[in-house]
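Okay, so here's the structure we're looking at.
Chain naming follows the written order as A, B, C and D, and within any one chain the residues start at number 1.
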Amino acid sequence: MMELIQQIVDGLGRGSIYALLALGIAVIFGVMHLVNFAHGELITVSAYTSYWLLTSGFDWWLVTLAIILVAALTSVVIEFVAFRWVRGAPDFTMLMTSFGVHFLVQALFVMYVSANFRQFSRPDWIFDTWKIGAISLEIYDLAVIATTLITLLCTYWLLQHTMFGISLRAAAEDFDAARLMGIRSNRVIRGAFFLSGLLAGVAAVFWLMRSGQAGPIAGLNPMLKGVLAALIGGLGSLSGAVLGGFVLGLVEVLLIARLPTEIVGLTDGIVFVLIALLFVFRPQGLITVQHVERV
Amino acid sequence: MGTDSVRHFVIPTFGSVLLITALILGGMLYTANGDSSRDSLVTQMLINAIIVLGIQIYVGNTGVLSFGHIGFGGIAGYTFAVCAIAPGRKMLQIPDAPFGLAEVDLTPLQSGMVAVALTVAVAFFVSLALSRAGARSGAVSAVVITLALLFVVHEVARNWTDLTRGGKIGLSFSPFDGATLQGKNWIYVLLLCAILLARLFKETRIGRFAQAAREDDLAARTMGINPAIQQMAALLISVAVVSAGSALRVFELGSINPRLFFFDYTLLTLTMLIVGGRNGVTGALVGVVIITFGSEFTRKLAEMEIDSLSWILREGLTDIFLGGAMLGFMILRPAGVLRDWEFDHWLLDRLRRCKKNKAPEQQSDVKKQSLKAAKTVCAPAVLKVDGVTVNFGGFRALKNVNITASADEIVGLIGPNGAGKTTLLNVITGLVKSDSGRIHLAEMNLSGMPPSQIARSGLVRTFQNFRLFSNLSVRENIEAVHLMAGQYRSARSLPDVDALLRQVGLWEFQILRAAALDYGNARRLELARAAAAAPDFLLLDEPTSGMDDKESMAMIDQVRTMADMVGSGVICIDHDLNFITGICDLVYVLDQGRVIASGTPVEISANPAVKAAYLGTATNVS
Amino acid sequence: MVDEILNVENLNTRYGSIRAIRRVGLTVKAGEIVCLIGPNGAGKTTLLATVAGLLNPVLGRVVFNAKDITGWSPDRVLRSGLSLVPEHRRIFGNFTVRENLLVGGVTQSPEHRENLLDEMLTLFPVLKEKLSTPAGYLSGGEAQQLAIGRALMSNPNMLLMDEPSLGLAPVLVDVVFDLILKLRDTGRTLLVVEQNAQRILDVADRAYVMRSGKIVVEGAASELAGREDLFDTYLGGSGVAA
Amino acid sequence: MVNRIRPAFIEKERGSMKQSVLLTMFGGLSAFLMLGTAHAGSFNIDAVLATSLSACKAAPSGTPLKIGYAADFSDLGGFADKPASEAAKYFVDLVNCAGGVDGSPIKLIIKNIEGNPEVTQRVGLELMDAGVSAMLGPPFPDFGEPLLQVTAGKIATLFVTSTEPMLANSKALSYLVAFDDTAQATAAAKFALSKGWKTAVTFSAPGPYFGYNPKIFSKVFKAGGGTIAADYNFVPIDDMDFSTQANKMASVGSAPDVVYSAMLSFQAAVLRGQLDAAGVKTNYLVTDAFEATGGYFTKGVEGFYHTTHSFPAAGSRVKALADGYQATIGAPLENASFGGLAVDAIAVIISAFQSTGSMDPKILGAAIAKTDGVEGATSNLSYSGASGSPAKPVFVHRVVNGAPTLAATIQ
């Protein structure tokens, strides 16, 4: 029992980061119908930012702010450079565009920075734990969960109660109708990328605190987890993405903890099989978004 | 039939042979200086071409984006390696291989066949999963499932060390026993097979159906095409080609490791496919050539030492080229360099033009085939709509609708906007489920059947907003449905494609892309396409909308002749009362989901309730 | 002409490769109700969509309030004071009624938005009770009122309405037509596409009849309403001389 | 003797432009003096490393000895091949500056394999077409194996930074320059036993390196009387959360004496942090991955032991290489160990060339298998008796106050 609680706490810690990444992907999918496989590049850029700032002696608190800002700006820049030209194109085109961006950013870092991993120091408190009975709570996990909850609440508030949020949701639901209401498509899409970048930035802070390294492919793994979580949740649904993130985190932890050692290495593979099965039997993901086709 | 087999078999075969000849000659020219790395580049390019063509068979014809094909390649590659590597070497590499695989000793040819067979078997189950998940053009579920396959193969290859020796190292042939390909004959043979398969598959019935579903899934289904089966067939064939190519790739590289068939290679092959034009075989080959030589050129460029340009001529340039090519093409020319242009189409066109110059084509008089005579032997089929009710949420779209139509008459369905006419057509063709009521055609109960089966049973429709197969030519639009009729409606005499084309006045435009037609012609094509299915009933949704008076009146004749040619009844929704009175034997009037009147056109125009429903007066029937 | 608020000249729009409207011209004077009637597929909706900026014309111009708005994006058109109530209403089903109205007021300053919201609630008392209901649960009539209210939230000078009575029960159709009159009384100009020709001719000042992408008849509504041959014209007759 | 003193001298004088000019002049002088005393035609690595590029001897006029380098500059192998190729270029410049080898200059041709197996084969063929007498190879077997298919025993390939035992095959003229993982893990186990550690926990992943090292370690550790308490699985590079494994280890009660793994430093640091937090205090012994990722300065690795290729002790050749490189190029050599291994590889080829006097790839390649006691930058290398893996010492570092100290040298 204690073991299970412990694993749930661990899983929520993992899932929080996934949830933030997935939410960012779902926001963009909502307004543009784009599965953004270039979302991980925001983490890559954040990683190099933290490396440069930390090795120049800046404090983690400052770096945190910088990461979030840089991620959000990068997201807007990527939209401006690439995605704005394929707006409204078939899904196939947009998907391949996002892969093109992924390729290019990676190559630019190999070209102009280094193919090597760059290490930077983690904050001091990162491994501190509180013991409550048999359960050890990592401060880090608590911080992640708390920050994620706060971020999600802020995002929720933003989406529900500000004109920007309402515009964003309106554009996600019916883009043309939203334009007819006076919502500027440029502004709302840029806003979506900015928000998505902010969320990726918050996720990046925690991801990087733990990984402590930057490399050209630093964003690949977080991108995959984010996309998977968003897919589990049903892509178009924002709450589904958050749910998907937590589900993915929990499933991973439970698999790592419960699988026999010989096949623990297959955890990612098993997660993929589960997701494929989910799509075979529920192609819309956990939460279904209705899209009506008129004949 | 003769000209058909020329167009769909002889010329494509001839074109494919010319294509491979061009590739081989080009390769020989490039390697003429005896440079062994150039030789190797050409070999690698030809192998990539096989794999890309394999992917093209699936992605091009069905429009479903697959990330999984390289995963299949991985399965094939490992199977091939495990079978073909000499037992002595395997004892060093994987002594603990399960099922005694370490002792297996097969020739490369046998191993290749085992690899293809095994992979196709796996593909069969994947195709079941894909069709269960409703894979179709642009569906996310297909992307996820194929991506999952790619990752699972990669993870298994990394973790099943007893069989694969794990990540980063993998299996390898002994560099001494001549594992690399002796001569290129095998590659040539396989490449020719791949080109022929890909090219001819496009012309087969299955290929045509798949392309129709790619262009418009819904329209294909209402024309009697069940995309799931075509996609399954396309997947199996394409996986077989990819597997053979992957086995060659492993043989040529002399080794395999998990990275060999993973993300990088998936993106590389997809880029090749997309750059050239994924819907065409010539396009796919051109893409392979462009990307191969483009990246080789950038690689050489990056090796150059020019101080002033060292900021760009450095490592990573090839990746910049690949990423840039992908991004640039997606933004500027998403359909690729050649779109779906085929070399042999162009060839045929040229040949035709030559012929025309020599001997002017005799003006063929279209003999209006009348099949009605043949049909009158048995009583005309009757379509009965019996007490159909449909609710959308709280809104009752149809209320206890009863309609009877006989296959020897033309029945009109009129009523104001929102009366439920289109909904009724949707119910009849199976696109909308009714909450109660039944639909019978002759003695058959159609309720609950999927749209494709209803179409095969003899009900085919057109759409208010066209749903043509827009990237297929006018002729191909009709041919796809005609092929369906040949398969499922062979009990009836089928209309001739040429006759249909001439009848609706599209003969001149037959090689035009359907998307390029103007309004009236597009409507006429929809009519001809539906007629090609040799249905018992043609269901027409607003056939004259957007046409001017002259065109509308001409349409009366066209619909009549069409119905005559294929011997079908017509149910027709329209607003144009002149059209309706001109064409219909019987008219039903719908308002707010119920039938408010029925009778001959004359009776109907005299009925005040009809006028009220249309123009909306205070005497509105409620 | 000072009182001409909307002027459409020689407008041609393609829908894909298809030319959906051809050489269409019409004018609307300030304070008028003008209706646009004609059979399905005549191009009425395409015309409204082009005026509102959803489609780009291949030829011709649209002048609104003395400004050439041809080719403007929909949000810019809206900001210039021209609002479209689209066909099938297109309300945001997952939004509450209040949120739907707020989206409509996205171009307004926050205070003004609140004022407009109050104004709408007095204009549409039905919506007041359902402020926090998801709009997807509204009945057809309520949804139509919401759609109109949402369009009015941008405080437009002129309203384009596409089939406002479509799919409504007769009682609700009355409500909608009363509303159209009420809106005119508040000084707004209306261009209405309507299936229910007789009813709209009763309230409109002038009418245009479209067929096959062209305007075939134009005249005072009262005059057209009295014409017995309208029924035939409307349904495909060879046409009455304008 | 002079060059033994030199590194310390450089340490002191670094930073001043004027002095560094003086320094290079002095270096040139000392090299000249040394070569003067050395036997003509022989090759002395210490002398070469002490050469200054600003005072070169007359360019050698013989047929150049061509050496190819199929290097991976992509995100996969760039971390190793970038610094290694930089050091190789620098070293070849030094050799040529010092008069070449037996009158022949060395020509180094570096080509990027771009992390792509197909390109690797083409690069191999291009290098062979260019007439190289031997070539250096990339760090990983997933490109090494395809390369060996085209070299096919016709030319020697020296894998500069790889430790994969399967790549070592003197029959295929395929050689390692670093010790292989068998030697590395055996040395680790011996070191653990010598510290008196009795119980160990390993972290492994299936496959080579990450799995092979722990496997050999366990075998040797058990044979020496130790116990392997448990083996935990992890995902190399990607895993950033070991709380599940840490909690499991904590629940066992008694901490092991040592945790052994081949994981990369940023991962090992996370593991250690989480184990510390879970109350498991233990020693950490990891492989050379530390220097691969240059992770000394992160706080999490304090006290770690790791097995590696070299130690830049004062007066060592690696230190001479790194310091000379920095003084000449103006930037530090990103990774001295990998740089040292590249110099080792060139030294081995030179030695084989000198012993046979032939530039024929087959003769030269076969001669490598018979070379003994080649003086390299990281250590001396011997190939005779081994099947392509050199016999050379394993250095065990310990991180103390954020800097490496030499804990042991295991032969």
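In the analysis below, a contact is a pair of C-beta atoms (placed from the backbone, for glycine too) under 8 Å apart; a residue touches a chain by one contact, two chains touch by 3 or more.
Being a predicted model, the structure only gives us computed values, none of them experimental.
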Response to the item:
Under the touch definition above, the chains in contact with both chain B and chain C are A
Worksheet entry | Geometric centre: closest chain by C-alpha means | A
Worksheet item: From the centre of chain A, which chain's CA centre is farthest?
Response: C
Item to complete: Round to the nearest whole Å and give the separation of the Cα centres of chain A and chain B.
Response: 35
Practice prompt. Provide the C-alpha centroid distance between chain C and chain D, rounded to the nearest whole angstrom.
Written response: 77
Worksheet, complete the sentence: Chain centres from averaged Cα atoms put chain A and chain C apart, in whole Å, by 42
Discussion item. Show the residues in chain A shared as contacts by 2 or more other chains, in ascending order.
Written reply: 106, 110, 115, 265, 268
Practice prompt. Spell out, as numbers or ranges, the residues of chain B touching 2 or more other chains.
Written response: 158-159, 315-316, 319, 464
Fill in: Two or more partner chains touched - positions in chain C
none
Response to the item:
Touching pairs of chains in this structure are A-B, A-C, A-D, B-C, B-D
Response to the item:
The residues of chain C that touch chain B in their complex are 16-20, 39-43, 139-140, 163, 165-167, 169-170, 173, 195-199, 211-214, 230-232, 234-239
Worksheet, complete the sentence: Per the touch rule, the chain B residues reaching chain C in their complex are 394-395, 416-418, 464, 515-519, 522, 542, 544-549, 551-552, 575-579, 592, 611, 614-617, 620, 622
Discussion item. Residue numbers of chain D touching chain B in their complex, please.
Written reply: 73-74, 78, 111-112, 114-119, 121-123, 125-126, 128-129, 140-142, 145-146, 148-153, 164, 166, 172, 206-209, 211
Worksheet item: In their complex, what parts of chain A are in touch with chain B?
Response: 35, 82, 85-86, 89-97, 99-104, 106-108, 110-111, 115, 231, 235, 263, 265-266, 268-269, 272-273, 275-276, 279-281, 283, 293, 295
Worksheet, complete the sentence: Counting only contacts in the complex, chain B reaches chain A at residues 63, 65, 129, 132-134, 137-141, 143-145, 147-149, 151-152, 154-156, 158-159, 218, 267, 270, 274, 314-317, 319-320, 322-324, 326-327, 330-331, 334, 422, 426, 431, 463-464
